[in-house]
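Everything below concerns the one structure shown next.
Read from first to last, the chains carry the letters A, B, C, D and E; within each, the first residue is number 1.
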Amino acid sequence: MDITLKEITKIFQAKDKSETVAVNDFNITIPSGKLIGLLGPSGCGKSTTLYMIAGLLTPNHGRIYFGDEDVTDMAPEDRGIGLVFQNYALYPHMTVRQNIMFPLENIKVPKEEALKRAQDMADLVGIGELMNRKPKQLSGGQQQRVAIARALVKKPRVLLLDEPLSNLDARLRLATREEIKRIQRETGITTIFVTHDQEEAMSISDEIILMDLGIKQQVGEPQDVYDEPKNLFVAKFLGTPPINLMPGEIKNKQVLIRGSKVTGKAAKNQEVVVGIRPEGFEIDPNGIMELEVYMVETIGRDTTLIIKNFNDSAKSYRIIVDARHRIKPGDKVKFNIESDKIFVFNRETGERL
Amino acid sequence: MDITLKEITKIFQAKDKSETVAVNDFNITIPSGKLIGLLGPSGCGKSTTLYMIAGLLTPNHGRIYFGDEDVTDMAPEDRGIGLVFQNYALYPHMTVRQNIMFPLENIKVPKEEALKRAQDMADLVGIGELMNRKPKQLSGGQQQRVAIARALVKKPRVLLLDEPLSNLDARLRLATREEIKRIQRETGITTIFVTHDQEEAMSISDEIILMDLGIKQQVGEPQDVYDEPKNLFVAKFLGTPPINLMPGEIKNKQVLIRGSKVTGKAAKNQEVVVGIRPEGFEIDPNGIMELEVYMVETIGRDTTLIIKNFNDSAKSYRIIVDARHRIKPGDKVKFNIESDKIFVFNRETGERL
Amino acid sequence: VQFEEDPYEVDCDEYPNHVSCLDNNGGGAIDGAPGIINVLDALPNEPVTITFWHVYGESKGALLQEFIDEFEADYPNVTVEAVSQGDYTTIRNNTLNAITAGNTPTMVVGYPDHVAGYLKGNAVIPLDDFIYDENYGVDLDDFIESYLAENKQYAGGYMYSFPYSKSTEMMVYNKDKFDAAGITVPTDRVITWADLDIWADTMVDPNYTVGSNDADSCQYLINFDSSSNFFINSVRQWSGGYTNSDGDILVDNQNTIDMLNYVKTRFADNTFSLPLAWNESYGSNNFIAGDVCMSVGSTAGINYNIPPGGEFEVGVVPVPQYDLDSKSAVQQGPNVAIMSNTTDAERLASWLLITYLTKAENTAAWAMETGYLPVRHSGVQSADYQAFLEIDSPTDSLYYSSLAAQAAYAQYEYFEYDPAFAGAVTSSDARFQAGVAMEALFGGYSAQEVIDDMVRQLGA
Amino acid sequence: MLERQNNLKALFYLAPAMVLLSVFTFYPLFNAFFLAFLRDYEFLLRSAKGFTLFGNFKNVITDPDFGIAMKNTSIITFISVPISVIIALLISVALNSVKKLQGAFQTIFFLPYVTNAIAIGMAFAFIFHADYGLLNTILGWFGINPINWVGLNASWSNAMFALLVYTIWGGLAFKIMVFLSGLQSIDKQYYDAARVDATPRRRVLTKITIPLLSPMIFYITVTSFIGAFKAYRTIIGMFGETLRPPGTLSKDSLITIVGLVYDALAHADATGKMSEAAAASIILFSITMIFTLVQMQISKRRVHF
Amino acid sequence: MQNTIRETRIRTILFKVLVYTFLVGFAIFVLIPFYWMVLTSLKSFQQVRTEVPPSLIIGLKDIRFLENYASAWNAAPYYQYMLRTVAVAAISTTGTIFTTIFAAFAFARLNFKGRDFLFLALISTMMIPGEMFVITNYITVSNLGWYSPLGQTQTEAFLALTMPFMTSVFYLFFLRQAFKQIPDELYLAAKVDGTSDWKYLWKIMVPIASPTIITIVILNAMGTWSAYIWPKLVATEYPLVTNGLREAYQDFFGMVNYSQQMAAALIVTLPLLIVFMFLKKYIMRGVSRSGIKG
């Protein structure tokens, strides 16, 4: 069952009448059975969007459809939704087991089966031993896992996950997200997954949606969005370390940075912002760009060169190179730039050229 | 001021008398003015450790020293601590401004100055516009930032951060953690930082502590720990994608996997676990190990080869290679293994050999 | 708490007026001043403040205050703080507490059994020394005898209280109905229960609907406002015995049973009734509404029985008697006592106030306004009061009060008061149970059940 | 809560209340306890003959009304408390769930608290009046013959029914206010979670609201039980000093244990009566205490803090 | 599917109807005596006395508003009594609020020796009928010199009227329950923010528990407003409103002018109702607990 949001707008009004536009004219169709990653900076309206889909918030404007059905006025309890709240919202007076079983009891799953399903789900997220504890007696990550189990256990029609893994360690996170993905695949639940972890979003999502300031920025398959950002926001938002942005200009279909051509672009002459992904640099003694290395960081398996004082002393750039290159701070290194890792944006609108 | 934990043990006792050993005989000295990353799987006792340092929990056993001073029995409010709670713990009835100013009022900072400092701190974490909102009116990430601002604003003697960035997007996260690092450097506050993000832990920590099941596993500079894991747990825990573990054996000082030698090791013959970091594989037509590629994933800037059915059909291995290598699923590829990316562990104790 | 071997062995040198130090001569009279209280020759010149606890609400309280104001004008150095304590139960409880706290008012209004209780705490003084004092004494002969007797029934026969506000019962009847039924209620003799039986035959209509106000019939012939008084009066008339001042309950005998059985039959044939018949505490509403032809109630409550719009004429006569040879009418109403925790000056000032309040013209004035009766013969005889008794114009606002007072005086030969006793069972309890007994009888219980319950409750 | 003990600080915070309580509650309490063991105590003289262990208790227990009082007290307690707590709970929850007219309803439900006692008495007399009372009128619609609730010679059970209605009515306002203030401190998030989990309304009530309100329910239950064990004023209010329907005898009395205490107190001037009042209080105290302890024990498992 | 919405809507409407019916039903039940009070206060003395059965409505022309209310108002110096009652209520409520807040805090948040026992001891004091205290307290107040039937000063009267009511186990227990509902996390957060217990209490606990505190204020003020026995006992010359109300209409013959009495009762009740209406919004405006996970 696909989910369609039509011109959804949500405005919060505070007591003093000041308004916050949390979601602004949002249009999207989430294809049936897909897992969609919802990304965007903090406060951009992700949770609000999920809550509207869940029916906990009512949009000020616009309609929401599950399949062909207009559910805008449907009560949350009738929507068949599983939701992991960003702040868990575990029932404090229930044990882990009771928390997980709660949705099952609501739909009158026989006790025996409910117990089993709850236990299975808890085992899956690694809290099978803690079934008799109260939420207060759990660590943050354990609580989060209870929340996940509670949302998944009833096999909802639509699954909404609001940063469900933020408090888990990397390994558990990987395992859990793969479990979620697996369950989602097997059952074909349409799923929306809010996360701040790009790697996570990109690796499990069929598509990702990028939001900013309540407005949809780009939708597409993760790699496509990464490879072809539509605007500066998207380019900046995706990628760790983030893309390196430099002021440049287009002159005669050539993109120039500090006067030297880095790539070509069929566009009229103008001031632009040029973005180059950290991995888009190739060390080449004949490279077109010479940069002085300010610092070298080796984290885990990566070696990052940090460039400072390139054009703006406050800014620093990051270049990821193969660890084999033995580069020391102070070295001047020449680079070529891979053309598919370089993007040019209108300096005013941020639109990609 | 350095912090010393001496033989700290914390046992939670539930109503039914069942006990959970959250922290077990923990010994460590955190050098003055350093930023220490505390890592470990969910539920391993990180928060508990922080709470004991803060004085919110009393250890069942052991002493805690700030410098030479035994603070084990000191009240939390006298310890001069800043703490970002994993669950924020914002005061629900106060506005953002009041929340941030609260610690300043406690130390009787003049109103004017307090207002300014609160505003500055809020601006720093990007919530300067939201000062008049109540926590309820904020997004998850915004709440978390209020919590950070509140902990930092009073420039505490000791700063304890419990997954302070888990709900922030990558960019904000980077920016915030760098701000934290900067403030920490400038003021020399001894800081403990709990995070699940290894990259984060490794990039900002002067040292990292690894915990598991309430027990300290390894302490050291991040890269050292990564490069020289003391035991299987540490090796497994650090690194994304995680290290590839294969059963192997030592025979005549040779480490064998499925009979073929991968490296040497001066140890007596035994069954071992061999760990190879994903980035430790080098494509080499004459490589010592031939593997069939099951899947190729390109996420952002990385290309990951996924190997299945190597020796255990349930397990898959991940190899990260340079994106230049055009490899398709089904290809059989030969690898050499970098000797500093391969670790050998006792199969029983998990100790590194 | 102090422990004493026997609290009844009071040091009589120290407490010469304690109840235990007095001979109980069975309510006999004491002649002359016993010399227990030191009566000052004159009020000192320093200011004296006395506190007077009473039970009077706004209107009676205001009237009392007028007397006090006059009194204070006569004795400029005396200040009287008159405070209403609400009702009799409250004043008694508050006074008991005050005694225990050693923090009493100077004088209180109360029933004899209250005073008998206070006496156990050595808290009231005998007034005899004042009564017989040359300067300040009063002529006891001027007081209505039964009032004096009531106040002398304490141990030792001393007067620990002094008559103050007295009332009795009278009967009202609906003249119009009687006229319509062709019956004349005799005013020259006491009505008997036999009369009632005869009238009931004509006037009680078994099919009477409440509120219909038939011209010549009623639902019940006669109502008794106070079931306690009804019981006590009746039991006396039937020589059933009630209680004595030792607190013995004397009702468990055949006479009482007979009386109750008789009353029960009269309840059954609607001759007699209690306000309970209409779920009321008093019968006045239903009397006015015409549901009952006659009603017995307190003289002080006469005005409640008068139809406000003058819908019918009301006659007032003495209470009917069963047996003309042993007539009985209750005499009730509080007395006043002076507390012992006081100075001689305060005592004297209090006594002066008491005598002032009971002065002939004052007791008469008080009586006319409140519906109580004067405590002194001279009050009754006073010109004002005599004029009051002679009011015969129904338009006069005091007309009915006057009728009530006349009825009262018609029966003052046979005023009877409740023996006062305090202790685990008080005379108030006995009176309360008497009422309960009558009501239960009305409710359908048998005479024996009622008596048994009464005896059981009074722990005889 | 911090795990560490801090007796001094606690003392500081407890001191104001404790000083006042010591003077005006504990001291009188011990005083009262003490009296129960005095022999032939003279209240007015504050003197006694010595001590007795059970003498006063024996007097209370052998009182013919004691058994009746015990029966009435238990019935009032165990019927009125559960019913009124449940009704108050339902009303508060309903009230909390509506938007329109909420303020008006709240005011209405508070009214019993400010309504003059005499008016209440009159109104209930009207409600229960056998001939034209509201209740019998309503029953009449269903073809039920008029019942003599509190009138002349009304049966004990009818009178008790009326008393229970009256008691329940009288207790609603306070309970509703307490529950409302308690409901306010429940995080709305739990209701969101419950809705998403498709929880039927009844289950929201029983599984979310009630457990989360349990501290207040506990409070109300404990204090209501204590209050009901002490029932007396309501009976006076309804039946006057006789404590029973008019025209009945003591076996139909609705007297309670506190009624016995009052009875004894009303004779404070009689030898030993104060001690009996104290002894009756202690008997009541013991029963209530046992019951409260049981409740606390149960609440340990049921009350979620 | 569209059906579900309709069904839900119908269910919701049905449920609403049910809820409102329930509320209205009980509202009527609760209102009867109050309505009675208003009704009686508007009837003539005559009507109240003689009507059988009493009428449930009253014709416009039968209303005796002015008559009853004016004479009720004049029956006692209510204005003066109210002022005094307000003062007494203000003092004792302030006292009660402070002492119970402190003690409830200790019981809800502090860890000290014998806490549970002490708490039980406090609760147990509620199990003794209040009149057992009255006598001793009366003696105490007398011994303290705050009361004497002879010449009590205004100050002494206030002391006697307020001091025994400056704290209350009943409200202490209530507040402790409310305090216990506040998440521990906030206490911990405040601690590391360097907050003293004192400040935490006033800045965090009290604002969050404000619905309960307001409730206590209302209930306690109400208690003073209807206090009768104690003022009667220890402040004979400084009556409070209820004393005024009761005594103005005390009569030994049950022939109270109910109309006027009810009018007076309403006059006396009105200020309280106004205060309640003003405060009740604070009860309903709870503090939403967000910003705490779990």
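Operating definition for what follows: a residue touches a chain if its C-beta (ideal position, glycine included) is under 8 Å from a C-beta of that chain, and two chains touch if they have at least 3 such contacts.
Worth saying up front: this structure is predicted, and the values here are computed from it rather than measured.
Any chain that touches subunit D and also touches subunit E is listed here: A, B, C. This structure's chain pair with the greatest number of C-beta contacts is D-E.
Chain E has the Cα centre that lies closest to the mean of all protein Cα atoms in view.
Rounded to a whole number, the gap between the C-alpha centres of subunit B and subunit E is 55 angstrom. If each chain is reduced to the centroid of its CA atoms, subunit B and subunit C end up 93 Å from each other. Computed centre separation for the pair subunit C/subunit E is 40 angstrom, with centres defined by C-alpha atoms.
Multi-chain contact residues, meaning those touching two or more other chains, occur in subunit A at positions 75, 78, 87, 90, 92, 140.
Under the contact definition stated at the top, the residues of subunit E that touch 2 or more other chains are 52, 135, 184, 191, 208, 287-290, 292-294. Within subunit D, contacts with two or more other chains are made by residues 2-4, 129, 131, 189, 265, 268.
All chain pairs in contact, by the document's touch criterion: A-B, A-D, A-E, B-D, B-E, C-D, C-E, D-E. Residues of subunit E touching subunit B in their complex: 183, 185-186, 188-196, 199, 203-204, 207-208, 287-294.
Those residues of subunit A that touch subunit E in the complex are listed here as 66-71, 73-75, 78, 87-88, 90, 92, 135-136, 140, 143. Residues 56-58, 73, 75-76 of subunit B touch subunit D in their complex.
Contacts from subunit E toward subunit A in the complex involve residues 1-2, 4-5, 8-9, 12, 184, 290, 292-294.
Those residues of subunit E that touch subunit D in the complex are listed here as 15-16, 19-20, 22-23, 26-27, 29-37, 40, 52-54, 98-100, 102-103, 105-106, 109-113, 115, 118, 120, 122-129, 131-133, 135-137, 140, 163-164, 166-167, 169-170, 172-174, 177-178, 180-182, 184, 187, 191, 197, 208-209, 211-212, 214-215, 218-219, 222, 225, 245, 256, 258, 261-262, 265-266, 269, 272-273, 276-277, 280-281, 283-290.
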